[in-house]
Amino acid sequence: AEEAPVRSILATPVVRQLAKELGLDLATVTGSGREGRILESDVRQAAAAAGSVAV
Amino acid sequence: MAKLNLVEAINLALAEEMGRDERIIVLGEDVGRLGGVFRVTDGLQSQFGVNRVIDTPLAEAGIVGTALGLALGGLKPVVEIQFMGFLPPALDQIICHISRYRNRTRGRHTVPLVVRMPYGAGIHAPEHHSESIESILAHIPGIKVVIPSNPYDAKGLLISALRDPDPVMFLEPKRIYRAIRQEVPEGEYTVPLGTANIIRSGKSVTAVAWGAMVREVMRAAELVEPEGIAVEVIDLRSISPLDDDTIVQSIKKTGCGVIVHEACRTCGMAAEIIARINEKAFLSLAAPLERVTGFDTIPPLLKLEEHFLPDVFRISRAIRKIAQF
Amino acid sequence: MGHRREGIMNLEDFNPLSGKRVEILDEEGNLIGEELRPAVLTDEMVLELYDKMVMLRAADQQALTLQRAGRMGTYPPTLGQEAANIGSAAALETGDWLTPSFRETGAMILRGVPLKLIYLYWMGSEWGSHFPEGVNVLPICAPVSTQTLHGVGLAWAAKLKGERAVNLIYFGDGATSKGDFHEAMNFAGVFFTPNVFFCQNNQYSISVPRSQQTATPTLAQKAIGYGFPGLMVDGNDLLAVYAATQAAVSRAREGGGPILIEAQTYRLGPHTTADDPNRYRTPDEVKEREPFDPLRRVRIYLERKGLITDDIERERREGYEQMARGEAREAEAMISLNPDDLFDFHYSQMPPYLTWQKEYYHRILAAQREFDRG
Amino acid sequence: MAKLNLVEAINLALAEEMGRDERIIVLGEDVGRLGGVFRVTDGLQSQFGVNRVIDTPLAEAGIVGTALGLALGGLKPVVEIQFMGFLPPALDQIICHISRYRNRTRGRHTVPLVVRMPYGAGIHAPEHHSESIESILAHIPGIKVVIPSNPYDAKGLLISALRDPDPVMFLEPKRIYRAIRQEVPEGEYTVPLGTANIIRSGKSVTAVAWGAMVREVMRAAELVEPEGIAVEVIDLRSISPLDDDTIVQSIKKTGCGVIVHEACRTCGMAAEIIARINEKAFLSLAAPLERVTGFDTIPPLLKLEEHFLPDVFRISRAIRKIAQF
Amino acid sequence: MGHRREGIMNLEDFNPLSGKRVEILDEEGNLIGEELRPAVLTDEMVLELYDKMVMLRAADQQALTLQRAGRMGTYPPTLGQEAANIGSAAALETGDWLTPSFRETGAMILRGVPLKLIYLYWMGSEWGSHFPEGVNVLPICAPVSTQTLHGVGLAWAAKLKGERAVNLIYFGDGATSKGDFHEAMNFAGVFFTPNVFFCQNNQYSISVPRSQQTATPTLAQKAIGYGFPGLMVDGNDLLAVYAATQAAVSRAREGGGPILIEAQTYRLGPHTTADDPNRYRTPDEVKEREPFDPLRRVRIYLERKGLITDDIERERREGYEQMARGEAREAEAMISLNPDDLFDFHYSQMPPYLTWQKEYYHRILAAQREFDRG
């Protein structure tokens, strides 16, 4: 069987929740934290960049 | 290669190893003449004699405590506890001695013994015949706890257990004692203690189970497959030591998991597995880990038994829930 | 061999080391121990108790029928142990307690447990252990020997409260090997509790014969290790079992302390319906024990006395068979399939997490119903 | 109001309740004439007589098993197990009967009894005198398990336990038996079973502990306070039922938590608490939940004891780690 | 009273129900049971065993000193039980095994356990139970009575392997109440293991007097419940203890099966250094027992024989005191404070999660060192 791609999104549940609220796909966000971790600030920036509602 | 069920595979492992290692003796209630209430030791007494397959008095602490002495005396006792529900009288010897002798004596003594027991519900047995208290055993340092889910693993794990220098609790899911037939090679092979087995791969959800629940989880996995949910199924095989690496690797891939056991929920093995995942794969978690377990109730008598046991319906719901989280 | 004291035999005469045992009626129905027979045990009472043995056999038979028909789970028959069951329990009085093991269908019925509840238990419903108020019988106990401690505690409570209730504890020959038996006997000796330890020595612990269970020639002699008397009785002799138990119960009630009775009997049937005794004993061995059937000798005795005839017995037996069928039906009607029962009886007040689990399961059931509707 | 230590508070609760309810009897090894090896039952026998404060033979299964009978007979037995390390022989009666009688008889019988025992390490006691196996008890449905961390709670919890219609295991952290003095009111008051207590509030990190570990956690909380880490400390008080609501509310506020216990790590209570948080507050989690626990080893003899026990250093490090995650 | 068989007394003569017990030397040093004295037990050997008793008392005393000085944890003294310790263990031969409880400092030393290891154990290090290869003594066992089963298993192993090793199992009067004792005795009876069950009945289980422990007048009679002999011996009589144990050991070695010896002695000191016996017994009671001190009578006997003098004894005692101090220092030098020891001995191969925990703890220790450096 072929190997499924490893999910590379690293984020805490809190950040995931925020992304969901902002309607953001975390796969499109680049993480600036340790080992590519997506931080809350990354999500907020990405959301702002995408012109979505500011939170 | 013969197709064997779990009972036959265990019997074969015992017979072969007893042939190879004359230090191995089998003891317990009704294991000799009767061949055990589930016939797991059938034929061993006629093959190896009454000094190697021994019917004991009815006393679980006595059996396990003397077995420790037998082990200290250079033998390798294989104890049968008739049902896990009757293990509690022997817990004292396991907690206070079997698990400690090595550490207590700084390695001067080792305790190579195996305690086998049928466990779990689902066969409409009487009161106290359906217990699953494996997490109590997993909380005890110094012992190992293994649970096969199929005949092949049963033989291989038991041979490993018999060759291990340390005490091993060998739990046999009696619900599937005769439910599964599988090709089981004759002769030596081992399945290592402490290693889980990925028996189905998938990228959507990780499902962890052991013993009789593996079959239910596999069925649930098939059920949700057409819905586009690819379940990776891990057969834990060893409860202690726990192969958390295999679980963690899978969770890193799938981002979510369900753990299934029939033991009571609170302080069951699933809690420990969740704690390990939390420790080692926290940032990969895209959904809460789900537990599908027995309730925090006494295993009911047979008329309500089906309500107690996790089934395909409950498991598949939990899988969907986290897949859609 | 012994002498009466106000119609009660002297138990101390039966030191087990002397090999003596209490016997009144031999297997051919002859009175060989008339002097041990208590005054209250009139022929009328013998007839009455015989009748209970007939009833028990019918009840037992019905259980086997139910089990074979898939209407009952595993069941442990009392076949061959009717005298040990009925003769002993008959010696209790109002207010006394009975602590059963799991092979006391007869003793339990005699003390007021409705047969339907015993069926219900073995059919697989906990409601079978919800005995009516006023029935002083503990529930059936599966873990061998553990109940002996409960019986001692219960008797001890009675003593501490100044009540005169005696507690009759049942267990098997295999049970004497467990540590619980030892601790129970020792506590009974130390706290001098009003207990009668009644061992149904049916010669087997599943497949393990009595001779491999312990190295003593008798089980009764184990009492010597606890500072109170033990005695042997022919457990297939209804009169002897009654006489010995009655003497032991009176003694305990009068503050004489605990006592151990070894009723030597024989399990004629399988250990349970799940057992195949042919794997560990020959049909010949069983055949040899059949003349010692506890019903047979009483029947001969009563027949000689003109107190029973084939016709009367047949009529009664058929009556009991019908009764047992009726109880079985009633039991089946009582089976609760309510999943709430799984949760509702663990605590006086259900803790939140269990409530959550119960609610979760309600959701599951609802979803399942919906799913089943398609 | 008198300042009492834990031993005195428990003694007072027993004396008062025995005065109020003559069904209460105390039994165990050395509880009478000696007043218990820790003097917890000191003076009770002279006050209430040998029929209410009873020295038993040395047999834990016997004590607990007859206590069940005594309870069925209308009394309210309070059993003392001399050390939790000697509880295992009684586990059979607890697992198979004490916890089940109510459910088995569909409420026909209840089992109002209390099993008290000193537990835990840290007093340089001999082998088998330092055990903490509370999670084994928490896995058993049908019983309650409580653990006070201070004299006030000890009295209030014990009175609740004595008045509860169901069996309660009452674990006494012997390390702080005499370490803490506190105002303890005379007369009736209760601390409810099954409710945790927030003994320090804070918004940065939730810390959960019980028994002797509460003191260590409080010290760690003070230690990290100047670093700007505000620790909310929850004294669990009841292990079973578990007041997960209080924990979850706190975690929802802080986003992270540490659970501290001295019992072995694998399948310890912390695992269950993590599983509950995962279940009920997953989306609030900003960091993995930390466990600071005893290791998966046998409690060592006294020379290595300090290495086994979680201490302020280890706890504060864990707090910092998650606060800075 | 009994007769010899090849210099070994006939144990069956001492049926405990008859009240007889083995006595050879009375408390005034008179030989009252010369005929029971085995030929091997010469005056020279008595002197040698007396010497061991002196040694034990010195070793015990040193432990108390260490404990008071905070150099040792809780310790259970053997004061008053020297004859029971030394007389019994001396009856073993090469290859035999000894299964101690926790009040067998003397017996353990006699069978080759270095005193320093016993000290080391009570000082709180597991290395104290790492006995040298070839020393056939199981480790000290804290959970009362549980070791009886290990001793039976070990003897059973020897029997199954065709070896002639006997296993001598020690336990106290309190221990006879536990289920383990019962199960061990029963297994020994059934499997006819070469075991000598040696009960040091020191009249107390912490505060609970022997009379409240069990309702029997003797503990020896408990053997009657297991199908093998039990006998009483004056446990403060070195010669009697040796004679009885030697006979029992020979009997077991020759395939005669298990036996129970109740050595009736008295604990002159506290239960442990943590105990205050004044709470449960009067100083008068203890005073009354002092004349029965096991050393005293042998001393008188040997003195009369001219085999010992005050000077010789003082010299020896001082030698042993010095030896004990030396052992204590050696023990202290052996104390391992290596935290790795906490982890390293649980399994033949350390499982990953435990390795992780060990590594974590190394990091903690390193951080702590750094922190301590400031």
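Letters A, B, C, D and E name the chains as they come in the text, with residue numbers starting at 1 for each one.
Convention: contacts are C-beta pairs under 8 Å (C-beta built on N, C-alpha and C of every residue); 3 or more make two chains touch, one makes a residue touch a chain.
Just so it is clear, the model here is predicted, and its values are computed rather than measured.
Traced through touching neighbours, the fewest hops from subunit D to subunit E number 1. Annotation of subunit C and subunit D: jointly contacted by B, E, touch as defined at the top.
Farthest chain from subunit E, judged by C-alpha centroids: A.
The greater number of contacting C-beta pairs, out of the two interfaces A-B and A-D, is seen for A-B. Each chain gets a centre from the mean of its Cα atoms; for subunit B and subunit D, those two points are 31 Å apart. For this pair, subunit A with subunit C, the centres built from the Cα atoms lie 69 Å apart. Subunit B and subunit E have centres, each the mean of its CA atoms, that are 40 Å apart.
Computed from the mean C-alpha positions, the centre of subunit B lies at a distance of 36 Å from the centre of subunit C. Residues of subunit C found to touch two or more other chains are 126, 143, 177-180, 183, 186, 190, 212-214, 341, 346, 353-354. Residues of subunit B in contact with at least two other chains: 56-57, 59, 61-62, 85, 88-89, 92, 96, 103-104, 127-128, 141-142, 240, 242, 266, 282, 285, 295-298.
In subunit A, the residues that reach two or more other chains under the touch definition are 12-13, 16.
Under the contact rule defined at the top, the touching pairs of chains are A-B, A-D, B-C, B-D, B-E, C-D, C-E, D-E. Here subunit A touches subunit D in the complex through residues 12-17, going by the rule given at the top.
The part of subunit E that touches subunit B in the complex is made up of residues 126-127, 129-131, 138-139, 143, 146, 148-158, 160-161, 179-180, 183-184, 186-187, 190, 341, 345-348, 351-354.
Subunit A meets subunit B in the complex at residues 1, 4-7, 9-13, 16, 37. Of all residues in subunit B, those touching subunit E in their complex are 25, 51, 56-57, 59, 61-62, 65-75, 89, 92-93, 96-97, 101-110, 141-142, 144, 164-166, 194, 240-242, 244-245, 276. Put simply, subunit E touches subunit D in their complex at residues 73-74, 121-126, 140, 142-145, 174-175, 177-180, 205-208, 212-214, 274-275, 279-280, 335-337, 339, 341-343, 346, 353-354, 357-358, 361, 364, 367-368, 371.
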